[in-house]
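Note that the chains are named A, B, C and D in the order they appear, and that numbering of residues resets to 1 at the start of each chain.
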Amino acid sequence: MDAQELIARRIAQELREGMLVNLGIGIPTLVANYLPAGLHVYFQSENGLIGTGSVPDPGMAQPRLTDAGGKPVSALPGACAFDSAMSFALIRGGHLDMTVLGGLQVDQQGRLANWTIPGKMVPGMGGAMDLVTGARRVIVAMQHNAKGKSKIVRECSLPLTSARIVDLVVTDLAVIDFANGRARLLETAPGVSVAEVVTATEAELEIPADVPEMQL
Amino acid sequence: MDAQELIARRIAQELREGMLVNLGIGIPTLVANYLPAGLHVYFQSENGLIGTGSVPDPGMAQPRLTDAGGKPVSALPGACAFDSAMSFALIRGGHLDMTVLGGLQVDQQGRLANWTIPGKMVPGMGGAMDLVTGARRVIVAMQHNAKGKSKIVRECSLPLTSARIVDLVVTDLAVIDFANGRARLLETAPGVSVAEVVTATEAELEIPADVPEMQL
Amino acid sequence: MQTISLADAVALIPDGASLMIGGFMAVGTPEPIINELVRQGRKNLTVIANDSAAPGRGIGKLITARAVSRLIASHIGLNPETQQQMLAGELECELVPQGTLIERIRAGGAGLGGVLTPTGIGTSVEEGKRKIEVNGREYLLETPLRADFALVGAFLSDYLGNLQYALTARNYNPIVAMAADTVIVNAESIVPTGVISPDHVMTPGVLVDYLIAHE
Amino acid sequence: MQTISLADAVALIPDGASLMIGGFMAVGTPEPIINELVRQGRKNLTVIANDSAAPGRGIGKLITARAVSRLIASHIGLNPETQQQMLAGELECELVPQGTLIERIRAGGAGLGGVLTPTGIGTSVEEGKRKIEVNGREYLLETPLRADFALVGAFLSDYLGNLQYALTARNYNPIVAMAADTVIVNAESIVPTGVISPDHVMTPGVLVDYLIAHE
């Protein structure tokens, strides 16, 4: 299993019946592929749809039905379309049960930086700041390290996405939460030891007595 | 011609092609009856419709299609329905070309009181405050006097509807505007002299050299 | 979303609850829910709605039953009982300009801390409120409204709770459906999922907690 | 509402005008109007829109043509030319959180002096903005946006300019249609008045100044 699949599979375990969920681009999008059988979840696309379905068959794409990246999607029976004011009223108003986003850095308090590398990458924040501020549950999907450096840091050097503390970070090495106001190691990836996670992590990690391995 | 018809007929002359117009209850509602032939005007009902038509024929009333008083109306071809947030976005956002409302008092600067007589009549302001604040043109339709007392006063003794100056007051005796920051007599009703209007009016009236009679 | 019987839905609402109720002069108000609230004898309710309709219609029935101790509304002029109870000090009544009321509810549902409106400046409505100047113009800061329950009247619901309203019965319904902890819907017709086009859904089913099953 | 040819509609827009443009990654953007702006060589435009799409698509064509000197958007990440022009100092770019951007445009169209949002608190977005506390929580005061022109892409228009949008092509279109001095619409199909049900009209025709006639 590659790192992306591992992260996506683990996050899919956080989905619950009837949830309204927004998946960011990249690894988060993959989470939909691992929806547990029988579970009914609503996916929101912030450009104005609830009930986003899979990529249409060849020749079936509808140019007025796309994801937030402008790529064709399908719509499930019972889908609904709306304007951008409504879309962000849903996000900001606490109606979104979960959002899964990529991350550049998460600090040891649980604050996320994921929208810009000043002077280098200036894509704009898009919906990320509203998603992190407004969703009931925020899960960050990212590689534990980039270019040999930990992305779970003592203090974010990159501009923050929100002052709001994220709920869970899932990486190729670990599952971490911030329920006690600081980073806590909840699970390790299969075959990865607690010591390996600690070594690979710049942030100070709280290590409970029992740290199970992810069950995938 | 009775006083109400006279007022309504005169106000109907203020309608222009393509205008979006909101008519309050009472005399203002009558204005629609005197729409000049060939003129195309959109009437908004603040409970959520543009394109309000006349009272339906017997047996044709639709309980989900009413005016702001809950009375059945019809809808013209090209009508559209919307929610209350949209309805007041239209009103407050300057999209409403004209509103016609009843009045209890108008002061000599042009400020309207029309929503409450404290301790006696507390119906609530409904949409009146938004209409007077937001409409491009505000016309007050009312009797010049009530119980022998002028309703065009030096200073409103009743609570104001808005700090905004109304554009025109049409009564059974006169047409008055406030373009110069004070009440100015523009027209008299047929058979009514300027002196009679002045006598009947508590507010100080500016009297131009030429005050024509209403042309109905 | 779950389906529920009318009696069970209303049993969820305790005495003293705050309710946002859709409808405008009872048009679009979920009348069966109102009737059942009266039947079950609910008391001491806070009601947030455009108006109190008229005796015998919509919210007017709650007023007659003296089920309401506090009302936030824009207009009570067509219900003399509301005015009598208010003037007698039996009903606490906050009157709010209609465009302000709907924006306060929208803000509550959209996660906004408030909106700035020019409506009410220079009138008694500004009492006790913060005034904020933007681009040289003064506005009132109006704060969000939320409620424990939203009672929504729809024309159509599909099996997932996607709602469509008809004509002027839409009014406050889609806005209150976003601003309450628990959303209870009575639909005139229930249709299979897919019957309402995605473009015609006015309230997404994910906002609905309970859809009242027809008997 | 009047009908107008594409060329005449675009001729109304002077160099230096501010434009709100509907669409999300070019989906719902009125492509014929964009093409004609490029053909007529318009310059120095201010564009307010969700994003700058991608080269060769929607607003991306205006960026490539260097018709835009100022952009207010939430996302430019899928158009490398926008980022290059911005980093080279040739394009002034204000990046706004998407939910804030759409509320600012809505406020501009709805006559609100601003809205309070929690989005951006504790980030660089709060620089230069007023912070206001409501019920113990801090919010940013975000002010209204308006433009000289709104360029709207609809799926259907009737003869009166009543508009319906399709699926995710709705996005910013109905909101920008309320927030500009002059509203120009390109509809994919034009249908007789009455074909669109009153309940399915998403932008009332009274908001439309010019509907582009098909050739």
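FYI, a residue touches a chain if its C-beta (ideal position, glycine included) is under 8 Å from a C-beta of that chain, and two chains touch if they have at least 3 such contacts.
Values in this document were obtained by computation on a predicted structure and should not be read as measured data.
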Shortest hop count from chain A to chain B along touching chains?
2
Among the remaining chains, which ones contact both chain A and chain C?
D
Note: of the two pairs B-D and A-D, more contacts are counted for A-D
Between chain B and chain D, the Cα-mean centres are separated in Å by 35
Can you check how far apart chain B and chain C are, centre to centre, with Cα atoms defining each centre and the answer in Å?
29
Distance from chain D to chain C - Cα centre to Cα centre, in angstrom
32
Set of chain B residues in contact with two or more other chains
49, 75, 81-82, 88, 91-92, 134
So chain D residues touching two or more other chains come to 103, 106, 110-112, 117-118, 165-167, 170, 198-199
Pairwise chain contacts under the document criterion:
A-C, A-D, B-C, B-D, C-D
Which residues of chain D touch chain C in their complex?
103, 107, 110-118, 130, 132, 134-135, 137, 139, 141, 143-144, 164-167, 170, 198-200
Show which residues of chain A lie in contact with chain C when the two form their complex.
18, 20, 42, 49-51, 75, 77-82, 88-95, 134
So in the complex, which bits of chain D are touching chain B?
1, 106, 108-112, 158-160, 162, 178, 193-194, 198-199, 201, 204-207
Hey, which residues of chain A end up touching chain D in the complex?
45-49, 62-66, 68-70, 75, 81-85, 87-88, 91-92, 119, 121-130, 133-134, 159-164
Please name which positions on chain C make contact with chain B in the complex.
24-28, 50-51, 53-54, 57, 73-78, 83, 86-87, 93, 95, 97-100, 102-103, 106, 117-125, 155, 165-175, 202
